[in-house]
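Both complexes shown next keep subunit A, but they swap its partner, so subunit B is in the first and subunit C is in the second.
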Partner chain A sequence: MYLTIHNLFWLLLTGSIVGVLGAILGIGGGIFLVPALVLIFHIPVHHAIATSIVSVIATSSAVASTNVEKGLANMRLGMTLEVATVLGAMSGALTAGWLSEATLLQIFAVVLLVVAVLLGWKSSKSEREAIPNPQHPVLDDQPDDLGLLGASFYDPAEGRQISYRVWKVLPGFLASLIAGNLSGLLGVGGGFIKVPVIHLICGVPMKAATATSNFMIGVTAVASALIYFGRGEVRPALTATVILGVLAGSFIGSVVSQRLSGRLVQAIFAVFLLPVIWQMFVRAGL
Partner chain B sequence: MTLCEVVDDIIKHMAGRCVIFMSLASLVLAGCGGVAVTPMDTPVPTWPPTEIEPTSSPTRMPVPLPSPLEQRSSSSADRTDSLIYQDPADVDNSDLPITAIEELHTTGKPVELDITTYRLTVEGLVENPLSLSYEEILAYPSVTEVVLLICPHVFYDNAEWTGVPVADILRQAKVKPEAEKVYFKASGGYRQSLTIEEALSDGVFLAYEVNGQPLPQEHGYPLRLVARGKYGSRWVKWLTHIEVISGDSL
Partner chain C sequence: MDTDKERQIDHLIHYTLLAGVSTSAILLILGLLIILVRDTPRPEVAPPLSEILRQAFMANGVDLLYLGLLLLMITPIARVMMLVYGYARIGWWRFALISLLVVVLLGIGLALGIEG
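Here is the complex of A and B:
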């Protein structure tokens, strides 16, 4: 490897910051990694997205391994919806190859703006608590029939087993298609689209929805990463270095986040994101 | 045990392996990236495959790699391999070989421009806004210089570029004293800026030829910015607008 120490240091640092932010804010790192690589390191957009998509595989795997073990991730629902995310991801990754840098930057800037608005909105309400879902109440302990996709998990915070059925799979499928498409196109996880839909419309409790989405993200990213790889856009030294940083960062972030007010951080960050969005818009010529 | 439970069991058992597979896949992808694209002078495979010349295939990855010994044997190979990790401002390119025109790299999809209606406009904080046709640009006194382009982590090209110094154009447009930055904007929206001092310096010019031939479309035809000492992201291709601004306005 010919990476200079200077390069190595800044890439590791950037990766760690992205990992910490992702863990604290509860959204994947990809959405920050791509702007950082493009604006600070002058990496071409397609290569930045390729780097990001591989790092998404790594973070998703790291988180999913504990979630699957705890039974939080609903594997049957996840695998069903993955059909949609993978289709979306592959078409997104293929589309990215057809788009000019400017167009990709423009799409990215708009999505970043949406994420900033979502963060601001999330910070203004009492999050972390599962939003009660009157339409699809959580079922009593261990009911007989959870349906084809329903599941149950033990919630230590509530000290009981939580069982749920999955309602309306079609909207979940559509959301997964869109999330997968954005994932393949922009190198982001797409959880910010899937989680609200799986939770609010499919009626899956928040913790299970987040865990399931997280599990799906890695599988989805593998599909599009292979397409970026085929185009030669995955750069080894860059990707490996950034991933090491992101993994270390997410670990630190997950420890720190337990002592921080998530709402405050989200509010601060929504504001901090604005100049980044501005820079992306400037670069994209909007 | 119902069928659902059996399926559930299988899935749960597979889950751990699935995760391990994904971690491995990410590492293998990062690792294979190196095998696939290391000799830096081989062109990066493009998508869709139809764009690739018939002699090459998109799955060429493992084929004719030099052995590690061969790779390490010459220090100049080491030097060129490490160029992609360096800042072009720190590199002396005087003893680097010239990259052949068909081996020049590019990223993203090219933008098409109609040369009959093409105009380069110079506006903003200038007393004499300009709108130049391709012929008018060719009529300016030209400079020819070998300039190194580094696209960090991806590739480098050391080519001989010919074009019009940005300083000449800005001098004719009469930049106002409050000017601080110059934006270079491509057809399609891509935009980059240089400070006014950088824009006026030597080695910053609007290229219409590379290695003595007209600029190919994928490299920015009709006009691309060449900026010595700046990363490739600043070398705006398909240039259509130059806008002079003060620091606090867009």
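Here is the complex of A and C:
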């Protein structure tokens, strides 16, 4: 696609909408960006995935910068799990190079279906139902020993310091491997797999689990982005335009999300994704 | 774990990420503006990574885009390297080694990228 002022405007707008959605829904924008580039702009899926994976680096790095400063992201846990996500991402990116456009579209549509179901499920739960984890209670005080991977952070919403230990790292490692693989294969962040496992099985509070997952995504994405770049699938003008739109959208979304009901938006988009999934299957020739 | 020591690493990582993303965003904006204003040929497909590394410092719109994207991709790598340094500095060798392992894996990714 030749970049004109007209194209630039629509790509910036698309990137911004994707950034806003990602920030409001609390999931990476890649899951929306790839279908938008393929279905609206008719960009080949390999190039759309490459564009998405580089934009994921931008949003993850920008958000992680803030989360690290706030002490929300658990960097020790993140680095440990990054070994798995990087391995998964590299294998995913290499695999994508061997797969046909139709196969990639089919896999993407299936993953999108899973995300739609997850969004629908989350929207049906109240905030109080979604957070508690009775097996691994969050510690109110700050004990001397939180273990090698435990951490604490100040939660302004609750007005107190929250400390936690990390349990069962192996399931987190396996989930990270799968999330990394999907990230490299499809150009998505993979947080929709990592966050539930880190929260529910490893016992990390939801806010810290989300921040830690986001912290990991930048490095995960770069592992596969380098491979896409090497294959010549990253189109610089297209990618640069989309990145700038997504960054602006993420900023706007982070402000808007504080005034919106996240559950309502999740429910709307769970339904909205269904025709997108259908179109992806049609595009794949099914 | 000494949280005061870890806070120092937090600051280091915060500024590394912020500097990387901000600088690359500025380069991408400048690159796009120059391309559109001068109506220079738009790059459709990136050259191999080794070629970008050689031509990254050519000051025209297309190369500014390459430089911006390259800087963006280097930012997370720099973040991991800073963690190797930060953890080693405070003597948390286990995490310094884990971070170093991630750097090695990213190095393999870079090699695969250069290979194309």
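Here, the second predicted complex is superposed on the first by the 279 of 286 C-alpha atoms of A that agree within 3 Å, B and C clash if a C-alpha of one lies under 4 Å from a C-alpha of the other, contacts with A are read in each partner's own complex, and residues count from 1 in each chain.
Here is the rule we go by: a residue touches a chain if its C-beta (ideal position, glycine included) is under 8 Å from a C-beta of that chain, and two chains touch if they have at least 3 such contacts.
A quick note: this is a predicted structure, and the numbers were derived from the prediction, not measured.
> Touch check for A:114: first (subunit B), second (subunit C), both, or neither?
neither
> Return first, second, both or neither, reflecting whether A:5 touches subunit B, subunit C, both chains, or no partner chain.
second
> Let me test your reading of the model: by the given contact rule, A:45 touches which partner, first (subunit B), second (subunit C), both or neither?
first
> With the two complexes superposed on chain A, say which partner A:102 touches: subunit B (first), subunit C (second), both, or neither.
Only subunit B; A:102 stays clear of subunit C.
> So in the superposed three-chain picture, is A:284 touching just subunit B, just subunit C, both, or none of them (first/second/both/neither)?
A:284 sits against subunit B, while subunit C stays out of touch.
> First (subunit B), second (subunit C), both or neither: which does A:86 touch?
second
> Between subunit B and subunit C, whom does A:152 touch in the aligned arrangement: first, second, both, or neither?
second
> Kindly classify A:223 by the partners it touches after superposition: subunit B alone (first), subunit C alone (second), both, or neither?
second
> Quick check on the output: what are the common subunit A residues between the subunit B footprint and the subunit C footprint?
Shared contact residues on subunit A (touching subunit B in one complex, subunit C in the other): 2-3, 54, 57-58, 60-62, 64-65, 68-69, 71, 75-76, 79, 94, 148, 218-219, 222, 225-227, 229-237, 239-240, 243.
> Which part of subunit B faces subunit A closely enough to touch in the complex?
4, 7-8, 11-12, 15-16, 18-20, 22-23, 25-27, 29-34, 36-38, 44-48, 58-59, 78, 81-82, 85-86, 107-111, 151-154, 185-186, 188-192, 231-234, 250
> Enumerate the contact residues on subunit C facing subunit A in the complex.
1, 3, 6-7, 9-11, 13-14, 17-18, 20-21, 24-25, 28-29, 31-32, 35-36, 42-49, 52, 62, 65-66, 68-69, 72-73, 75-77, 79-80, 83, 94-95, 98-99, 101-102, 105-106, 108-110, 112-116
> If you look only at subunit A, which of its residues touch subunit B in the complex?
2-4, 7, 38, 41-47, 54-55, 57-58, 60-62, 64-65, 68-69, 71, 73, 75-76, 79, 94, 97-106, 148, 215, 218-219, 222, 225-227, 229-240, 243, 282-286
> Which residues of subunit A touch subunit C in their complex?
Residues 2-3, 5, 8, 54, 57-58, 60-62, 64-66, 68-69, 71, 75-76, 79-80, 82-83, 86-87, 89-90, 94, 146, 148, 150-152, 218-219, 221-227, 229-237, 239-241, 243-244, 247 of subunit A touch subunit C in their complex.
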